[in-house]
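The same subunit A turns up in both complexes below, where it pairs with subunit B and then with subunit C.
Moving on, here comes the complex of A and B:
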């Protein structure tokens, strides 16, 4: 049924399958050494595999290392994970809530300040994050947002929102305004149109934009580091504090790197389940698909 | 169920006026056919009546009361757009039921009405399908059902039959007529197809550049076009230029023609006249020709199921004659073409509205 909806053939060709497998391999390959490293105690070049594994040395180390450390309460991994996911979810929700109206206006109306608005939307992507971060830090210290969750969320929105708005704008541009016109002639007021026509037609785009905002948020180190003042830890700040302590990639850091990737994958999986349709970065929003059908 | 009146409507997008000072009236419960070349402003007019576009000037009235202040969702209209625009995330039944749902009706209560409307467009079997699983013509029929399910007082149809094959078109024409007569919905119908427009409409109009060039009963438009532009647009007619030699006598490239129009036109003026294809008579060459007869040679013969179309060359001018099928003249046969004086119409060059004598 889902395949029918997309008008795709039932089976991919052999070439397409090989292509998909290669792509998959390219994405998965970097994770393999990470997994190995996260279980290794001694792994020096040019050895293909670690010479000593963690489970060989478990009783010899004075304190837990690797997964033992990460999964113990001492590491505070749990709270960093929870912080990351919670902040990411709030950022994604806020990015959608403010991004949808903004993108709608950008896509549907022509106004004089449009070029200016579009420029400011690009700005956070062009300007280095340090500049934004220091600027916000100075501002937040004065208004009481320094070292607070709202402060971090606001800071994350600066790079996340432009991405979300770009995706949403493209999606609205793809959506034929005719659907809303038909709905109007059928007696749907603004709210009903949004609920019964526009939102269902842009569901895939919404999920994509939300996913992007979430991913950007969960990957931010610098802004969190600056605004949190070391008080609120997320996975990236935790990871960087481990990398920052120098030395080769130890098992703990390797494990942490793996864990940092979890929220995004989790979110993608859940979002795909919920929209049930075509959440993927490659598919067009539903509205544009319908246009081709005509 | 409600008359439609447009008074002095003017509309421009960004540049020059697309609709200029348009007046239009459609009587309660009648069908008004709107014809015109692409880009003349038909869709713009319908959208203004629907409330989807706001006119720059003028007034739109349903039953004499201005509706300009009403948003489209309050105007009680049904509209079928040039594209079907079925909601892709809803199945056929949900699409048709959309308007009822907006009125707060539960799907279970709406079902009988929806099924009725689907039966009307012969698509009961497709209730569960999604729009992308339908052909273009089926989609248009669903769009029609969706537009009438809420019992609108005004129905606006923007070329709703353009994607259908001729058999379905014929069926849908009867269906629209049937629906319209049963529900007595005041209907404006945009079409590119003259036959369709003339068959469906009580009155019709030809629009050029945002103005109505002529309006009236379909018979009047076809038989009594007032301007060259209307005659040329509606077609099926021979246009001849000529000088007025004397009252009731024109010098044309095919020879002098006696006409019953043009009596009030001063001698020496150049005029254009129109003679419909089917008003000419074609007959074999013989002695004792009636007046207004011209000798020519058959250059082309096209057979139709009910009549034959001849292209006859008279004095290097090609004249088209549509004749009954009882006699057949082969190509290159000399024939005589008779132009009955009373069927020659005098046309105005510009499509202004003053009427000429005749």
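Moving on, here comes the complex of A and C:
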């Protein structure tokens, strides 16, 4: 008690520590068997560890297995990875291009239909994606977007754009118009103000919104599955077919699960760089809304 | 041009690109689904518009009612569990200690990977030939894979729900943590210094701060669980399974004239999840008002 009166912060209780450690184990430990499985060649029931490993059989098998298979052109992992990243980048660019003006208006203007506009922007997040996806499939068949890259990109925009707009709106709300005002009174023209004042101030917000759109796109399964008609593979659709067909500790599926986690890992590293905080996902929509509610 | 007219044009021009994208890609597909479900699907020679025949048919079928019940069950249980556990985790980690940053990094990882990653882990750990079954065998607790309880591919749905929890406990943790600012934890400390017991300080200072975040996190989790396809498809039973799985099964039948039925499935779950969320938010508002917060 005395320590606290001197302003020493409470330390987490023993129960809290044990709980956190258990949770950490629960969320990190499942990656371990996948790493082991990805290097296994033979891991039959009821062995707790593989009896043969990838490096034991390299010279014996006529076909590449495990990682060798995944990294060979036969698996088409490379094209699925490239598709995922390319589609994600285009989705991010389009979400920014259409999202920035909308977010600017939502942050800077008050108008009668604003509540309606904000509600409308929430809908694509809560309306079942499968409902949108099947209707979209039928529409896209008619206009020639079915089984095309532009079709997949447009499909991904539906969940990505509302999230991007929410992040961008919060960014514009935090941007003090006073800076631009000062630049104008100092004689800066529109272009100079944009280049030297506004852009540097919003760069981090733009990057965060773009990253989110990219992340959402790389994680989408169902819309890609429906619109690609099985012709264009991304990482999630490839993983889907492997989980559906592989056994419980299949080396290829295990390796693929790890590969599919890579865009997310990159996201975390880059997002931390941009915001410099340990909780960069704090810019997630629900979080930012929670703050406004205070 | 008057200032008012210019302002109006600025608002419209800003919102137009995003509005066009979402009208074409979100509202358009929903209208197609709705029209089909009401009997307007000339491509399948279904021209009975308007008819409620398809709705009547699915609402009368026990197959649909069972699917809807399971969809709700698979959605609500993980929502409750992830809300409780994720919030406790956020509370347990509200004070940064040594190693927090690393812990937070790993807790965020499941949030940023596709749901299919969780599905891959659940299969590796909980399949009948998976690691947990092997551990039980090694401990002489079971004799064959058949003795292991069917966690996957059964309508009990524990595999589905575990895959959801892998992502949603960390998701709730991130959203609730981001609602807790450093000032709140300091304020809690002030309450402690002034003589409040640890639980009292937590309850009166910290918990009220987290409530809006808990509400939005649980809403997003429920909305997601209610509509997802790939997890119940891969980890659930052939039947009964969720409405989205059932809808896509009907949609992919050879008899395309049954497709309006699939659309009716989709419209019904869209409305159902909308009503559930609306009631939830209304109850929350009412409770806030009773506390005099709004």
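Rule of thumb we're sticking to: the second predicted complex is superposed on the first by the 205 of 294 C-alpha atoms of A that agree within 3 Å, B and C clash if a C-alpha of one lies under 4 Å from a C-alpha of the other, contacts with A are read in each partner's own complex, and residues count from 1 in each chain.
Going forward, contacts are C-beta pairs under 8 Å (C-beta built on N, C-alpha and C of every residue); 3 or more make two chains touch, one makes a residue touch a chain.
All figures in this text were calculated on a predicted structure; none of them were measured in a lab.
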Thinking of the overlay built on chain A, is A:111 touched by subunit B (first), by subunit C (second), by both, or by neither? second
Output check: A:97 vs subunit B and subunit C. Expected answer is one of first, second, both, neither. What do you get? second
In the superposed arrangement, which partner chain does A:127 touch: subunit B (first), subunit C (second), both, or neither? second
Going by the contact rule stated at the top, is it subunit B or subunit C that touches a larger number of residues on subunit A? C
Return first, second, both or neither, reflecting whether A:68 touches subunit B, subunit C, both chains, or no partner chain. neither
Name the contact category of A:257: first (subunit B only), second (subunit C only), both, or neither. second
Between subunit B and subunit C, whom does A:243 touch in the aligned arrangement: first, second, both, or neither? second
Of the partners subunit B and subunit C, which touch A:222 in the superposed model: first, second, both, neither? second
Under the contact definition given at the top, report the residues of subunit A touching subunit B in one complex and subunit C in the other. 4-5, 7, 286-287, 289-290, 293-294
Residue ranges of subunit B touching subunit A (in the complex, touch as defined): 47, 50-52, 71-75, 77-79, 81, 83-89, 98-99, 101-103, 130-133, 136, 139, 146-147, 150
Given the complex with subunit C, which residues does subunit A contribute to the contact? 4-5, 7, 9-13, 16-17, 19-20, 23-24, 27-28, 30-31, 33-34, 37, 45-48, 97-99, 101-102, 104-106, 109, 111, 117, 120-121, 123-136, 138-139, 154-155, 157-158, 161-162, 165, 215, 218-222, 225, 235-236, 239-240, 243-244, 247-249, 253-254, 256-257, 260-261, 263-265, 267-268, 272, 278-279, 281-282, 284-287, 289-291, 293-294
In the complex formed with subunit A, which residues of subunit C make contact? 7, 10-11, 13-19, 21-22, 25-26, 28-33, 36, 43, 85, 88-89, 91-93, 95-97, 100-101, 103-117, 119-121, 123-125, 127-131, 133-135, 137-138, 145, 166, 169-170, 174-175, 177-179, 185, 189, 192-193, 198, 209, 212-213, 216-217, 219-220, 223, 226-230, 234, 244, 247-248, 251, 262-263, 266-267, 269-270, 273-274, 277
Footprint of subunit B on subunit A - complex, ascending: 4-5, 7, 176, 178-179, 181-189, 192, 196-197, 200-201, 286-287, 289-290, 293-294
